[in-house]
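Next, two complexes with subunit A in common: one pairs it with subunit B, the other with subunit C.
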Partner chain A sequence: MATVQVSEAEKVYILHGIRDDLRVDGRGCEDYRHMEIETDVVSNTDGSAKVTLGHTAVLVGIKADIGKPRPLVPNEGYLEFFVDCSANATPEFEGRGGEELGTELSNTLYKVFNNKHSVDLKSLCICPGEHCWVLYVDVLLLQCDGNLYDAISIAIKAALFNTKIPRVRISTDEEGGKEIELSDDPYDCMRLNVENVPCIVTLCKVGHRHVVDATLQEKACSVASLIISVTHKGTVTCTRKVGGGSLDSESIFEMTELHHSCFTLSESIHLLSRPGSGWSSTST
Partner chain B sequence: MAVDMRLPTIRKTVSLSVAAFDRKDLVVPGDVITSDTGFMRGHGTYVDEDKLTASVAGEVQRVDKLICVRPLKTRFNGEVGDVVVGRITEVQQKRWKVETNSRLDSVLLLSSVNLPGGELRRRSAEDELTMREYLQEGDLISAEVQSVFSDGALSLHTRSLKYGKLGQGVLVQLSPSLIKRQKTHFHNLPCGASIILGNNGFVWLYPTPGQQEEEAGGFYTSLEPVSLSDREVISRLRNCLLALSAHKVLLYDTSVLYCYESSLQHQVKDILKPEVMEEIVLLTQQKLLEQEG
Partner chain C sequence: MPTDTKRVRGPEVSQSPSLFLCRPPVVLPSQGPRADGRQRDQVDVRPVFVRCGLVSQAKGSAYIEAGNTKLMCCVYGPRETERKDETDMKCGRLTTDMRFAPFSCPERGSWIQGSQDKDFSLMLHESLQPAVCLHKYPRSQIEVNVMVLENSGSVLAHAITCASLALADAGIEMYDLVLGCSIRQDGASCVVDPSYMEENYCSSASSENQGGLTVAFLPSLNQISGLQSDGEMTEEILTAGVRTCIEGCYKLYPVIQQALAKAVRKAAPPPSES
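Presenting the complex of A and B:
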């Protein structure tokens, strides 16, 4: 993650502020920064979304390709994640500097989506055992100002909602070989049901309290964070602990309680992504 | 818990000045300033086929026969006497390297800082070894530019009691061209906080110190918790500064104060919403215009 230097006195100021529930920018410990979501930004993808969370900006593009299904699950499609930390975000990511962070983020995304309920993988099947849709999810970090996991998960949910997969027909020709035909109508496509796509909530432990949506300065004062991906029904799909500090079991319990109340975040995105929602700002 | 989500809109900068066109001579790179060969070319210009052309985006300044273009967005170009707020990046032999948002890191020599107790003596080898006890990597200081090296790097000094290591507070990083040059850059605002408007764009907000801390002279940083009311004032000021800089308003103590007063009707965390920012900046600009004319 991009790092900023903070002096000892600034750390003390931030710590005391979080203890009194008043962060540097006036937010409480459970408030998110101003968020803006836009879908359908990249024209040559099947689905895309751009999310700006404070100064963090993330762009996600999804391309659907026909591939061979995995041997253990022949009647399901799958998702492939790739996170690119571009040097646009911070000079630390120049060259191969952003690779480590990118692999860490992709691995977490694989874990988050590695279950039967998030995305209906059976709907991505074309011909069991032979052809299926593979969704390549490419995440591009444009600006880095803390809280990457949350922004990326929201962008992926919005991009999946925006994805239009063309309908295909399987026909057998004379020799018995299968032929895949795309329909002529460009608007004839299948949409994904993103109701159960989870959203990631990151809680950073600063001092004795935890904050949601930490900025880079607050991250510099925290020792550990807990990442939980949760759906709008409250189901948890993945938990991870990041950072060198330790969390004792009581604080993990407290943070999980907080995460459960944060699944309303997932709900509000769900409301926003309903078709026909225009200019709407939801606050919970 | 509050989550505010929306679709993006096109941002428009708030501008009240009607006569903006004839007031400033704005050019972009490639614009021809003049075809007259009698002028001397200054910074930000070059000669292209006998025509004086701008190489940066900014306003044209004419002083007698000298034409130069002052860029609107640039790194900090320091001059002697500027007050800067900087962060220590390195501790070297007999000097510290300070990051001040300029092209090169500025230099703070060991001989340019005050020794504890105010003694005046030659710096010894022991002083060199205990440099890190005074200023470490990551510490913030306020200093004044003493001189400019030939390569453009600034040499700073903290030889007055008002400069030195900064304690608890909030740093806001803005563009240097938005800070107005004034007689003094240290202000104790009536709303209950103090501000240092560094010429390099770094603005430091801190709680107004009490009487007894004046004697320490920059060596003692208090780590006592700051009261909640002071914190609120500082957070509000920080958000106001960000709002003003987003709409390119010149920053000085009066404009910051007017913005603070206009923002009192909103909650601190709401100030950074685009429509609230526009409203506050509009009110501030109106007040400033009233005050001037």
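Presenting the complex of A and C:
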């Protein structure tokens, strides 16, 4: 992860502030930074979104391709995630520097979506065993100022909401071969139901308290963080502890309770993403 | 795209014959005793066979067998950092590598590290790092290599245990042993130390609360150094699962301590007759 060097005196300052529920930029421990979400930003994709969370900026583009379904699940489509840490974000990511971070982020995303209910994969099937929709979700990190997981998950949810998958018709010709036809009308498309797509909440342990949406300075003062991915119903789809420190078991139980309050974030995203809400550009 | 030019592999599009089976997929019952006779909803871990010091070339090594899961770990170090620009003046570096032998899983894997292997290596690194006193080894590197010989469920948990045993066998200073335990939540019941079948084939009875959880725990310090879960679970089930895993780790602790004491006694010089 891109890091900043923080002096010992600054660490003590940040620690004492968080102990009194006052962070460097004036937020409380459970407050998020100013967030802006924009959808439909890249016209070449089937769905796209850009999220700016404080100084962190993430751009997600989704392209739908027709491919062969996986052999064990012939009547489902699938999603492929790829995270690219662009050298624009920090010079550390130049060349292959950002590859490790990118792999870590995409592996976590695979785990987050590895359940039956997040995305209805059966609706991505065209012809069982032969054709299905494959959604390639490509994430691009434009600016990095901490809290990448949250920004990426929100951007993916927004982009999936924005995705328009063209309707296909399967027709059989004389020899019995199947042909796929796309409809001529560019607006005749299928939308995905993103109600159950989870959002990730990262809780950093700084001193004895936990903070949400840590900046890079606060991250440098923390020993460990817990990533929890939660849907608006309260189901936890993935948890993971990151960082080189250890957590008390009581801290973990506290954190899972704390994420309930950060639920409001997931709820507000969910409300915005309900169909018919005309969501193109929103600020929170 | 990295290609493997050293080995002659089979055709690109080969498939496992298990795909062509006519039998319907196995649906495991979600009630009653498990396939190998253990109980559900109880901290019933498989009996474990552990031995230290099997690789003479390595500084420290360990082998663990739990049911049919077999894995071995070797530790090399502390030695000079290979890449000079990454030398840390104040503390040492811990590098971990976890690999699956291609014959370890029912479907043949490949020798090239896939993203899942890298993910496991990262989890192993995060779980071991809090326990090792890296500040005592400045400018050095400690390498931990885990090789999974047979994957019969809860591989990551046993890899964590095996790696910390190998580190102790190598004489690396640690704050505490790290023990791993994993569970699989299946509807309303949870299954501790799942086998491969229990991990990958969920019963279709209920679609709520299906998931797996792995916890790495330091018993003497009562700290959790690694936590990973996937699938979907409610928050109460998750916290109950973490408590169950911690209990599983406490059950494993005396066995590991005994194995370590035996290895040290064997390696120590015999008491001089005087």
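FYI, the second predicted complex is superposed on the first by the 274 of 284 C-alpha atoms of A that agree within 3 Å, B and C clash if a C-alpha of one lies under 4 Å from a C-alpha of the other, contacts with A are read in each partner's own complex, and residues count from 1 in each chain.
One rule holds for everything that comes next: contacts are C-beta pairs under 8 Å (C-beta built on N, C-alpha and C of every residue); 3 or more make two chains touch, one makes a residue touch a chain.
What you see is a predicted model; the values in this text were computed from it and never measured.
Of the two partner chains placed around the shared chain by superposition, subunit C is the only one that A:N115 touches, whereas subunit B remains out of contact.
In the overlay built on the shared chain, the residue A:E254 is in contact with neither subunit B nor subunit C. Of the two partner chains placed by superposition, only subunit C is touched by A:G234; subunit B is not.
Shared-chain residue A:Y32: touches subunit B; no touch with subunit C.
Legend: residue contacts after superposition of the two complexes on their common chain; A:V242 is shown touching subunit C, with no touch to subunit B. Applying the stated contact rule after C-alpha superposition, one finds that A:E80 touches neither subunit B nor subunit C.
On subunit A, the surface touched by subunit B in one complex and the surface touched by subunit C in the other have no residue in common.
Residue ranges on subunit C touching subunit A, taken from their complex, read 15, 19, 115-116, 118-119, 122, 126, 129-131, 207, 210-211, 213, 218, 221-235, 238-239, 242-243, 246. In the complex of the two chains, the subunit A residues touching subunit C come out as 71-72, 103-104, 106-107, 110-112, 114-117, 224, 226, 231, 234-249, 252-253, 256-257, 259-260. Residues 5-10, 12-13, 16-17, 20, 22-28, 30-38, 52, 212, 261-262, 264-265, 268-269, 272, 278-284 of subunit A are the ones touching subunit B in the complex. Partner subunit A is touched in their complex by these residues of subunit B: 1-8, 87, 89, 136-140, 166-171, 221, 223, 225-226, 228, 231-232, 235-236, 238-239, 267-269, 271-274.
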